[in-house]
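Notes to accompany the following structure.
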Amino acid sequence: MLHAFVLVHADPPDIARVAEQLAEVPGVTEVFSVAGGVCDVVAIVRVRAHEDLVEVVTGRVTAVPGVRRTTTLVAFQAYSRHDLEALWDLGPA
Amino acid sequence: MLHAFVLVHADPPDIARVAEQLAEVPGVTEVFSVAGGVCDVVAIVRVRAHEDLVEVVTGRVTAVPGVRRTTTLVAFQAYSRHDLEALWDLGPA
Amino acid sequence: MLHAFVLVHADPPDIARVAEQLAEVPGVTEVFSVAGGVCDVVAIVRVRAHEDLVEVVTGRVTAVPGVRRTTTLVAFQAYSRHDLEALWDLGPA
Amino acid sequence: MLHAFVLVHADPPDIARVAEQLAEVPGVTEVFSVAGGVCDVVAIVRVRAHEDLVEVVTGRVTAVPGVRRTTTLVAFQAYSRHDLEALWDLGPA
Amino acid sequence: MLHAFVLVHADPPDIARVAEQLAEVPGVTEVFSVAGGVCDVVAIVRVRAHEDLVEVVTGRVTAVPGVRRTTTLVAFQAYSRHDLEALWDLGPA
Amino acid sequence: MLHAFVLVHADPPDIARVAEQLAEVPGVTEVFSVAGGVCDVVAIVRVRAHEDLVEVVTGRVTAVPGVRRTTTLVAFQAYSRHDLEALWDLGPA
Amino acid sequence: MLHAFVLVHADPPDIARVAEQLAEVPGVTEVFSVAGGVCDVVAIVRVRAHEDLVEVVTGRVTAVPGVRRTTTLVAFQAYSRHDLEALWDLGPA
Amino acid sequence: MLHAFVLVHADPPDIARVAEQLAEVPGVTEVFSVAGGVCDVVAIVRVRAHEDLVEVVTGRVTAVPGVRRTTTLVAFQAYSRHDLEALWDLGPA
Amino acid sequence: MLHAFVLVHADPPDIARVAEQLAEVPGVTEVFSVAGGVCDVVAIVRVRAHEDLVEVVTGRVTAVPGVRRTTTLVAFQAYSRHDLEALWDLGPA
Amino acid sequence: MLHAFVLVHADPPDIARVAEQLAEVPGVTEVFSVAGGVCDVVAIVRVRAHEDLVEVVTGRVTAVPGVRRTTTLVAFQAYSRHDLEALWDLGPA
């Protein structure tokens, strides 16, 4: 499984709607409006293959109206006490 | 449930070890070494109460040797098609 | 009690009005126009629960006309010689 | 009454101690360890006169061991539904 | 006497006019267009009391057309071989 | 007359001493420790000729122990209701 | 052979089209849409002479509609196990 | 094929050696010392699978002595008039 | 002789024209479009007196259409094996 | 002729010596200590061929003791009323 964090910048009035619409995008498992000043919204992407990652980020996320800028942190390696594959059962590898 | 993303800076040789040790901290559900210029490691914290968040971030995460700097993005709101409470069954509210 | 500092950016002509309107938001106890270049206005939020923090910051503060950008510093822990709970008697926990 | 926010940078292991010691400085009414990338600790200074502000910030705050860098936001104007003078009864003007 | 430096950003074509108009503001003793990239104009404010500082900076300086952004450095302490009080005789303390 | 603002960075414990020593440098008319995130100390240089500016800034100011970094804003033009030449009578042009 | 990396900033909806059009520019051998936040697209330029580099970057790349900003990293020296000259047979030196 | 650009920071005296050693790392096809303020060295990584990317960047590149900091731009999509797969024949998919 | 470097920011399509027009300004001896991301154009100013520098930079350079922002680096001292005064014979001191 | 500006960072006490030594490097025609926050020293490189540029910048300039960091702006195109080739007669093309 591939993971990525998409840090999204949006204008204050759009944040809630952008977060809701991002959560509907297949491959995006969780979205959070966040404090701290680095960005306004964080979307977690979990997919099977690199092509899916490309489609989700450059095809779907950036197309959501109100998304002004994105910074995608592609995960190299995942570390967890939990069995992420099982937890996020995304279907056949 | 409260969520937060701890963006961690560490020197290149320490990244893997820091990520492994962070994944052992109770309250930290997933840790990722990441590409991109924003930080080196992202740790996702999921806890019941604000006090737990304080303990995990200021008590445990910053104490891991090799953690040079942290930026914590506290989540305001979570949006997901998945039932995060059930998924991350953290015990009684 | 949860505390947070909302650092607000506004255009120079709007600063005074924005500060006044922020001071009317329930949960915002004090607002200051500030020098120094980091931001234009600081609003101190003191609330009972995380949900209140979410409502005040993402619901009310960002909705004030003239608020261009916000950075919210959520407080982990408070340290004071004063009894903040008593001082800012916010009603039942 | 004059107000100022001192944004303090400290290394992760020193944050708690620095915050505690800052809270003991006369003129510092509240100190918070905070999340977000802007700084590590925020100290609120409330004093009668400019000279007190100088003494507290350049004399006392910067002298606390572990304070690596400070950025002081001097408040121009305060806005609040509360009577701050009464609340923080600092003695004769 | 209180001192402050207001670092002003203005678009290139407006710089000369903005500097001239700032020099007319009571409490602003000297204004300079400057090289160096940190800002475009520096205005030195010398006043008796904190309220005057507030009025000059947030009331008058930011109201000058063409002032896009300001960063105010409030002076803590002044050091000089010259008797600044005499030099800038501002009238009764 | 040539003017320049030297923005000085120094470690917190050195600020007062650095400001005092800078005030003793011929050509430096006023020095201020300042609040705000831009720098720690501002020294105002007023000299007759470019060579003096070079000597004061690169020869004397940077030699003061504790001066970590300097940014010099050379003034293009001065604007003032006051006769600066008379005020700062620096001797023959 | 001269090499250069042109880091291109474009608005999210334009990224794919900009990358495609850049790949058609003679002298541009490969173009990538990228994650990481430093830029949106990287174009690799490989040419015979400095004049070609000037023509490709300042003449062609910046003329592609949607290119908002470019940062060109001119390569000093190339290091590779592969024979880049042969690989990218650009015709006579 | 997966592509990534590793932007490497190294101290001036180490740049040439670091670039040479990076060019020896399997999966790194080309390395360039570069002008401009973004970084000192760019290494192009071309590999078959995500795991290879992880091994090359976090295992090998960061281990080269003199590599102070890295920023990895993972490519989403490649665009080229050339057949990159054939050009960089990396063995079986 | 006084020297200064004016670092100019312009939108990509305007760069060539802005550079050409800057080269026509008396006092500007050389202009270069540059790579590297710090700015888009560098203009070298060589003049006799400070007033000329003021006129060239704030009067002429910033007036060229397309100049969005300028940062002027005033030279303190020149070092060269060449006799710059002779080379750039600007007429009587 | 190829031109480049090497923006050099050095610690305040080293600036004069670094500038002198850079002026002795063949290919470096002029060096200036400069005001402003962008860098401390600017060296102008004028050479015949790309290889010379590489040798001067990565071989000689970065080797001068006290040079902490360099940013090289390679010129794309030169614009001047003066015949730069004649002025800086560097010997056969």
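For reference, chains read A, B, C, D, E, F, G, H, I and J in written order, and residue numbers begin at 1 within each chain.
To be clear about the criterion, a contact is a pair of C-beta atoms (placed from the backbone, for glycine too) under 8 Å apart; a residue touches a chain by one contact, two chains touch by 3 or more.
Bear in mind that the values here come from a model prediction, so they are computed numbers and not experimental data.
The set of chains in contact with subunit F as well as subunit I comprises E, J.
Comparing F-I with the candidates C-E, I-J or D-E, the pair whose contacts agree for more than half of the residue-numbered pairs is D-E. Centroids built from CA atoms put subunit B at 16 Å from subunit A.
In whole angstrom, the spacing between the mean C-alpha positions of subunit E and subunit I is 29. With centres taken as mean Cα positions, subunit D sits 38 Å from subunit A.
Residue positions 7, 16, 33, 35-38, 54, 57-58, 71-74, 76-77 of subunit F each touch two or more of the other chains. Annotation, chain-chain contacts: A-B, A-C, A-D, A-G, A-H, B-C, B-D, B-G, B-H, C-D, C-E, C-F, D-E, D-F, E-F, E-I, E-J, F-I, F-J, G-H, G-I, G-J, H-I, H-J, I-J (touch as defined at the top). Only residues 35-38 of subunit D touch subunit A when the two sit together in their complex. Chain contact summary for the complex, subunit I toward subunit F: residues 2, 50, 53-54, 57-58, 72, 74, 76-77. Partner subunit B is touched in their complex by these residues of subunit D: 12-13, 15-16, 33, 35-37.
Against subunit H, in their complex, subunit G makes its touches with residues 3, 5, 7, 16, 19-20, 22-24, 29-36, 38-39, 42, 44, 71-82, 84, 87.
Subunit J makes touch with subunit H in their complex at residues 4, 7, 54, 57-58, 62-63, 67, 69-74.
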